[in-house]
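Mind having a look at this structure? Questions to follow.
Chain naming follows the written order as A, B, C, D, E, F, G and H, and within any one chain the residues start at number 1.
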Amino acid sequence: SRCGYPEVIFCEGKTSASLVEIFSTLLESNQRCLGTRISEEQAETVLKQFPQAIYNQTARTVRIPEKDAAFDEKLIAGEIAVLTAGTSDRPVAEEAIETLTWMGYEPDFILDVGVAGPHRLQEQLPRIQNVSAIVVAAGMEGALPSVVGGWVSCPVIAVPTSVGYGASLGGIAALLGMLNSCAANVTVVNINAGFKAGFIAGLIADQKHSTS
Amino acid sequence: SRCGYPEVIFCEGKTSASLVEIFSTLLESNQRCLGTRISEEQAETVLKQFPQAIYNQTARTVRIPEKDAAFDEKLIAGEIAVLTAGTSDRPVAEEAIETLTWMGYEPDFILDVGVAGPHRLQEQLPRIQNVSAIVVAAGMEGALPSVVGGWVSCPVIAVPTSVGYGASLGGIAALLGMLNSCAANVTVVNINAGFKAGFIAGLIADQKHSTS
Amino acid sequence: SRCGYPEVIFCEGKTSASLVEIFSTLLESNQRCLGTRISEEQAETVLKQFPQAIYNQTARTVRIPEKDAAFDEKLIAGEIAVLTAGTSDRPVAEEAIETLTWMGYEPDFILDVGVAGPHRLQEQLPRIQNVSAIVVAAGMEGALPSVVGGWVSCPVIAVPTSVGYGASLGGIAALLGMLNSCAANVTVVNINAGFKAGFIAGLIADQKHSTS
Amino acid sequence: SRCGYPEVIFCEGKTSASLVEIFSTLLESNQRCLGTRISEEQAETVLKQFPQAIYNQTARTVRIPEKDAAFDEKLIAGEIAVLTAGTSDRPVAEEAIETLTWMGYEPDFILDVGVAGPHRLQEQLPRIQNVSAIVVAAGMEGALPSVVGGWVSCPVIAVPTSVGYGASLGGIAALLGMLNSCAANVTVVNINAGFKAGFIAGLIADQKHSTS
Amino acid sequence: SRCGYPEVIFCEGKTSASLVEIFSTLLESNQRCLGTRISEEQAETVLKQFPQAIYNQTARTVRIPEKDAAFDEKLIAGEIAVLTAGTSDRPVAEEAIETLTWMGYEPDFILDVGVAGPHRLQEQLPRIQNVSAIVVAAGMEGALPSVVGGWVSCPVIAVPTSVGYGASLGGIAALLGMLNSCAANVTVVNINAGFKAGFIAGLIADQKHSTS
Amino acid sequence: SRCGYPEVIFCEGKTSASLVEIFSTLLESNQRCLGTRISEEQAETVLKQFPQAIYNQTARTVRIPEKDAAFDEKLIAGEIAVLTAGTSDRPVAEEAIETLTWMGYEPDFILDVGVAGPHRLQEQLPRIQNVSAIVVAAGMEGALPSVVGGWVSCPVIAVPTSVGYGASLGGIAALLGMLNSCAANVTVVNINAGFKAGFIAGLIADQKHSTS
Amino acid sequence: SRCGYPEVIFCEGKTSASLVEIFSTLLESNQRCLGTRISEEQAETVLKQFPQAIYNQTARTVRIPEKDAAFDEKLIAGEIAVLTAGTSDRPVAEEAIETLTWMGYEPDFILDVGVAGPHRLQEQLPRIQNVSAIVVAAGMEGALPSVVGGWVSCPVIAVPTSVGYGASLGGIAALLGMLNSCAANVTVVNINAGFKAGFIAGLIADQKHSTS
Amino acid sequence: SRCGYPEVIFCEGKTSASLVEIFSTLLESNQRCLGTRISEEQAETVLKQFPQAIYNQTARTVRIPEKDAAFDEKLIAGEIAVLTAGTSDRPVAEEAIETLTWMGYEPDFILDVGVAGPHRLQEQLPRIQNVSAIVVAAGMEGALPSVVGGWVSCPVIAVPTSVGYGASLGGIAALLGMLNSCAANVTVVNINAGFKAGFIAGLIADQKHSTS
C-alpha cells in the first residue's frame, strides 16, 4: 500500500451494504481496516458482519484487525500526546486516537486543558515535553496549540473543531487562529479532521522507527 | 461634555487647517484635547500653533492641555495595565496609553509577552493581578487576551491588531479569536482601535472613583 | 475561585448525567452554580435532582444557590441596565440578566426600544443615565448600542443577536456594526453571548464595591 | 433620453481626450452633462475646453449646461434633504448633491448628525420631516439611516461610505447594517454611490411633478 | 402613526397568543393590520379569532381591515408593477403585493420574465413603462432589475431572493449583483425582503398623491 | 505540444532577461509565442530583442511569430465574437482577442453593449447568432453573459472583470453573478482572465475543424 | 427552440401537479423533456402520468421522449467523457450524463480517479485523450480538473461539488480551486451544477456536427 | 533554547538598528541567527555589521553563524525535499530552504513541477520517494501538495503562496484547497509562510536523529 498504511474508508454517504463489501475486499487482501465518520446505523450492520470490529461511538470510527488476526500487537506508547481545550472537542480527539491506535500507537490523552484555566495545562507539562508529536484539538478561539507550541520542541498538529457559536463560524475562527500561530512548530489540518491530525502525528513518530 | 470627557478628534482625512480650528474651539471652551490617527505632517502644523501640545509619533496622537494649564495634575497609577503580544503591536498599545494619560491615568505598560514565550507573561503576573482593567493588544492569532483573562479577575479589553500576513486577513483572524475567547472576562473592540480600548478601560477605572 | 465567581457550566452537548455530576461537585465545594444554554430536557433532570434550582426557559439557564443556602441575599439594584432593540432579542437579554442575578445584581430591564421607534428610548433615558454599565442586545443592523452610547457616559456592552434574515448573516451584520460604533464607550462580545455581556457588566459594577 | 435625464459619464479610467469627445457629442445633441469620479487632472482638461463647466473637487464631479444655455433655471427647493453622519462622509454626499442640482433640485444639506451625538439630529428634525426623499450617507456602523427612517415618513436612500477602519471592511459593515435596517422606509445603494443615491432621490421627487 | 401607515407585525418567533393580542390592540386603536412571515399554524389561530382576516399562504401574510370596516375601498391601479425572474421568486413578490394592497394599491403582477428568455420581458414592456415604481424580485444572478432599469425611467426596487444553489450563497450573489447594477435607477433591499420592497414602492407612489 | 498550442508565458513577476531567454528557447523549437500580463518596461526589452514581436499595450500582451515566419497566415473569421459590457472592460477583452489571433482566429469585437442600454445589444444580434463561441467580458453586476446566453445557442464564455467599486469586491460580484446565470449555456473563468476565456473559445471553434 | 434544445425544467420547489402540466405542454409542442432536481415524490407522480419517462434517482432527473416516440435514436459515442474524483461526486456526474443522453450523446463515465491515487487516472488516459469535451466533477480541494487539463487538449468543464466538510465551505473551496486552475483549458460552472456542465459539453460536441 | 533551535527574528517593521542589537545579543549568547522578511535596506546594514552573514535576496532572509564559527558543519542531505508548482513560488520555497540550512539540513530543491505539466513531476519522483518530509509551495489552485501526497508516504507540508489573481484571493484559494486535500498526509501552514513550512519539515527530520 502506497503510504505504508492500508486505505481508510470515509463512511459518510455510503450504504451499509457497500461498506461491508469494501471492508471484505480489504480484509481479503490482508489489510487492517479503519472506517471514519460512520453512523450508528452503519456501525450496527458492520458489527453484525465483522464481530471482531471495534466501534467507537464518540469518535464515529470502526477498526477491523487483519483477517485471522487481532489488534493484539503491543502498541507503542510514549511518543504521541493528544490534547483538547474543552470536553466538547473530545469526538475529534478520539478520531485522532482511533487512527493512531490503528497505526500501532498508544497516545497519551489529556482532556480539557484550555487556556482559560492556565494551571491545568501546566500540571500536565511533564506528559507532553518528551513526545515526538502532539495533536491539539480546540474550537472557539483555537488558542491552545499556540500555547502548547510555546512549551514543547516537537511538531504540534493543530486541529480546529466546530465547537462554539456566533463568530466561531463553524470552526473558521479557530482555523484562522491556528494558521496565524506565533509558535513556529504549529501546523494545521481541516476543521474537525481528527483522522488527518492523528495520521500525520503517526507518520512523524514513524520517522524514529524508520531505518532507511 | 456628554461622557465626562471632552470630544476626541479623529484626524485622518481632515486638513491641518481644520484641525487647528477644531482644537482652538475646544481649548476656548476650556477642554483638554486629544487627536488620534494624526499624520506627521498634520502634527507639525498643530505643534507650531500649540507649542504646549504633546505629540507621540508611534501612537499617532497629539494631546493638548486645557487653556492656561498643563498636564501637570498627578496621574492615577496602579489601576490599569496595557499589554502587547509582540513588539509590532506597540503603536496600537501606545494609542491606548495616550488616551488613558489624557483621561488622567498612568497605565502600567508590559511589552512582548505573547503566548509563544509562556515564561514572559508569568514573570509579569504580579503586575496585572490587582488592576481594575487590562488592555491587551495582539495580532496574528490574537490568543493573548484569553490567556491573560485566565489569570485575572477584572475585565480584559482585547484589541486586535493588523499585525501578521496571509490568513491573518488584516486583523480579522485576531478579531474572531478574541470574540470567541473561552475566558468570560474578555470583551472586544475594533481592529487597531487603541483609542477605544484605552477609553473603555478608563471608564471602568472611573467606576471606583465615582460617588453616585 | 479565580475570578471571584464560581465556574459557569456551558450545558450544550453534555449529558444530563454529567451535568448532575458537575453541579454536585460545585455545590459540595460550596459554590453557587450557573448553567447556560441548557435544553428543556436537561433542565428537567437537573430540577428533579436539585429542587432548589431556578430554571429560566427563555434564557435557557439554571441557577442553583450554595449548599444549604438560598438566593435570598439582597440583590444590588440601580447599577446595571439591560436593553433590547426588539422583543426577539429577549432570550439573549435574559441570559445576561440571569448571569447578573447569579452575581448578586438586579438589573433594570428595558425591552423593545430599537431605533426605528425613537420616542421609546427617549422616554426611558432617566433609567439608564446613572448606572455603571449597560448591556444592549440587538440584531439586524445592531444600531441601538451606538445610540445608547451617545446618551450615557458609562461603558456599553453590546451583544449582537442572530435575529434577522438574509444579509443579517446570522448576526454578523449586527456584530460588524457594533464593532464600528462611532460611540467611544461601546465594547462588543460574541453573537448571542448574553452570558458574557452580563458577566462583564457585573465585573464593571464590582469595581465600585472593590476596596483594594 | 431613456430616463428623462441625459447619460451620465463615469470618468474613472477614461482618457481626458475621450472625455472631451464624449461631452462634445452630448452637448451637440443638446444634452446637459454630468461627469462623476473625475480626477483633478481630467477636470483641468475638461474645464479648459468647456469654460462654462462647473467642477466640484470634493464631489469629484463636473456639470456642463446645455449648449448655448446655463444652469440658470430656478432649482426646486424643499423636496429633498441630504444628510451625513460625519464630516468624512462629505464627498459622497456632495456627489449626490451635484447629481440633484444637475436634475434641477436644490437639496437641503445637513452635515455631521451621526448617532453618537443624538442632540444634533433632533435639532434638525424640522428640516427633514416634510421632504419627498432623504439621502443619508454614513460609514462605520451605518446606523444613521435607521434613526432617520424612524423620524420620517418618506423614502430614505441610504448610501454606505468606506469611512472607517478595521472591521468596517471598506464599507461592507455599513452596507450590511443599512440592508438590515429595522426601519421599513430605508432602501440602499452601493458603497460610496453618491450619484445613485442622488439620482433615485431625484426620480422620487419627480413623481410629484409628473402628470401622467 | 409615524409613517402614515400603521405598524406591521413580523410574526416569526412570536406565539399565536401574542399575535392575537397585538392585532386586537391595533384594531382597537382603529388601525388596519399587516402580519408578515406568518406560519400556517399561526395563521389558523389568527383566522379563527378574526374571521375578516385575509390570509395569503404563498406570501405568508395576513391582512385585517380596520375595525367594523373591510378592505372594500377602491384600490389605486396603474401605478406600480411587480415582476419576478422565475416562478420560484413568487413568494417574495406576493409579500410585496400584499403589502401594497394593504397600503391601498393594486399592483400589476408580471411573473417569470427572467433574462434567459428575453422575448418574455419585451412583450410586457408596455405594462411597465408608465408606472411610478417597479418591484423586481430575482434570485440566482439577480440580473433582471438591471435589464428592467434599462427600459424604464422610474425607480426600480430590486429585491434579491434566496432562490438558487451553490454559489448563489443564499441570495448574496443576487444582492451583490443588484447593488452593482449599471442602471442608475436601481435601489436595493434585503434578501427576501418583499415587504420592504413593496412598502418603498408604495411610499414612492404616495408622492404623486401628496399635496404638501 | 500538449494542447496543440505552444506554451503561453505569464510575464508578471519575471525579469526582462528571463523573458528574452524563454522566448528564445520557444522560437528555437519553432513555436509561436504569446506573453500575457507584460509590463511596458518588459515589452520594451522584448521588442528590442525581437523586432518582429507585436505588442498590445491595452491587452498587456506580446505575440512573436514562429522563427523565420510571420503572422501572415489567413486568420479564420466568423466563428468567434468577443463582447464587453462597458468600455472599461476593454483590456480584458483585448487579451482574449490577442490570444485568439495567436491561435489563428479573427474574432468579431463588439464593445459597450451592457444591459443598461438594451437597444445596443439588440442591434448587434445578427453578428452573434451564427458563431461557434462567444466571450463576454463584464464587471459590476456581470449580467451581460446571461442576457447574451438568452439570445444564442452556442457556448458563452463569461469572464468577470474587476471593473466597479464598493460591493463589486474586485470582481467577485460579477463572478458570482455569472456562476449563477440562469442561462444554461454560460460557463465561467477567473476574474480578468481574458487569456483563458479566449483560449477556451478557440478550443471550441477548433472542434469544427478537427477531423478525428 | 432557442438553443436547439427544448426547455429544461428545474423541478425543485414546484408542485407535482404543475410539473405534470409543464411536461404535458412541452410534449404537446413535440419537445423532449428533461426535469432536474426532482424529488422521489415528484418523480412518482410524473412516472404515473408518463409511463415512458426514464427516472434516475441518483441524478435526480427525469427524461421524457417526444410524443409518440422513444429515446430509441442511436446515441453518439466517443465524443464526451465524464469523470469524478470520488464516489460521492457521482450524483452530480450522473446529472451531467442524463443531460447529455437527452441531447443525444453517450458519454464515457470514469468514476473515482481523484488525485490522491495517481495511478488510477493514468490507467484511464487513453479513454480521455481523443474526446471533444470532458466534464470533471470533484469536491474537497477540486484538483482533478487541473490534472486532467494537463493531459488533454480539449476543453475541460469543471463542476465543483459540495462533497467535503469544514473548510470545504459547501463547495466554495473546490470552486475557487477550479477557477484558479493553472491549466488553460479548464472552465467552470456553479457548485453541483451537473446539468450545466453536461449541457455545455454537449454544445461543444455539437460544433463538430454543425454545418454552418 | 526552548525548541532546540535559537529564536528566529521576524524583521518586518523593525528598525535596522534594533535588528543589529537583537542579532548581537543572540550571537553573544552563542546562538546562530536567522532573520526572515528582511528588506534590502535592512540587509545592507546587517551585512555591514556582520560580514560573515549570508543574505538571500529572493528568500528575504539573513543567516549568521555562531560567534567565532562558520556554517561549515556538514549539512544533512537526502532527508527533505522542497518543491514548487511554478517559478513564481520560488521566494517562499527559498525561505523554507534557508530555514532548513540554518537547522543543518540540505534539502533537495525541485522547481516548477505544477500539475498542468504532469510529466515534469513524474520524472522527479525518485528524488522525493525516500525523504522524511516534503515542503510543497504552490499558489493559484494549490493542487500540487495533493498530487505529491498521492505519490509518497512521508508527511507533506503544504505552503500556499499568494501567487495568482482574481479569485485566488491573495492565496486563500490555495489555502482552502490544501486544507481540503484528499491526501491524508498533507498538513498546512499560513499563506507565504516558507519559514514555518521549513521549520516543521526540519523538526520532523529531527525525529530520526533524536535518541530519547
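The rule we apply is simple: contacts are C-beta pairs under 8 Å (C-beta built on N, C-alpha and C of every residue); 3 or more make two chains touch, one makes a residue touch a chain.
Just so we're clear, the structure is a prediction, and the values are computed from it rather than from any experiment.
Common neighbours of chain C and chain G (chains touching each): A, E.
Once the centre of each chain is set as its mean CA position, chain E and chain F turn out to be 42 Å apart. Computed centre separation for the pair chain A/chain H is 27 angstrom, with centres defined by C-alpha atoms.
The centroid of the Cα atoms in chain A and the matching centroid in chain E are 52 Å apart. Touching two or more other chains at once are residues 2, 117, 150-151, 166-168, 172, 175, 179-180, 184, 190 of chain G.
Across the assembly, chains come into contact as A-B, A-C, A-G, A-H, B-C, B-D, B-H, C-D, C-E, D-E, D-F, E-F, E-G, F-G, F-H, G-H. Of all the residues in chain A, the ones that touch chain C in their complex are 87-88, 117, 163, 165-168. By the touch criterion given at the top, residues 2-4, 8, 130, 132, 150-155, 157, 175, 179-180, 184-190, 195-196, 199-200, 203-205, 207-208, 210, 212 of chain B touch chain C in their complex.
By the touch criterion stated above, chain B contacts chain D in their complex at residues 2, 10, 12-14, 160, 162, 170-172, 175, 190-193. Across the complex, chain A meets chain B through its residues 85-86, 114-118, 140-143, 146-147, 149-151, 164, 166-169, 172-174, 176-184.
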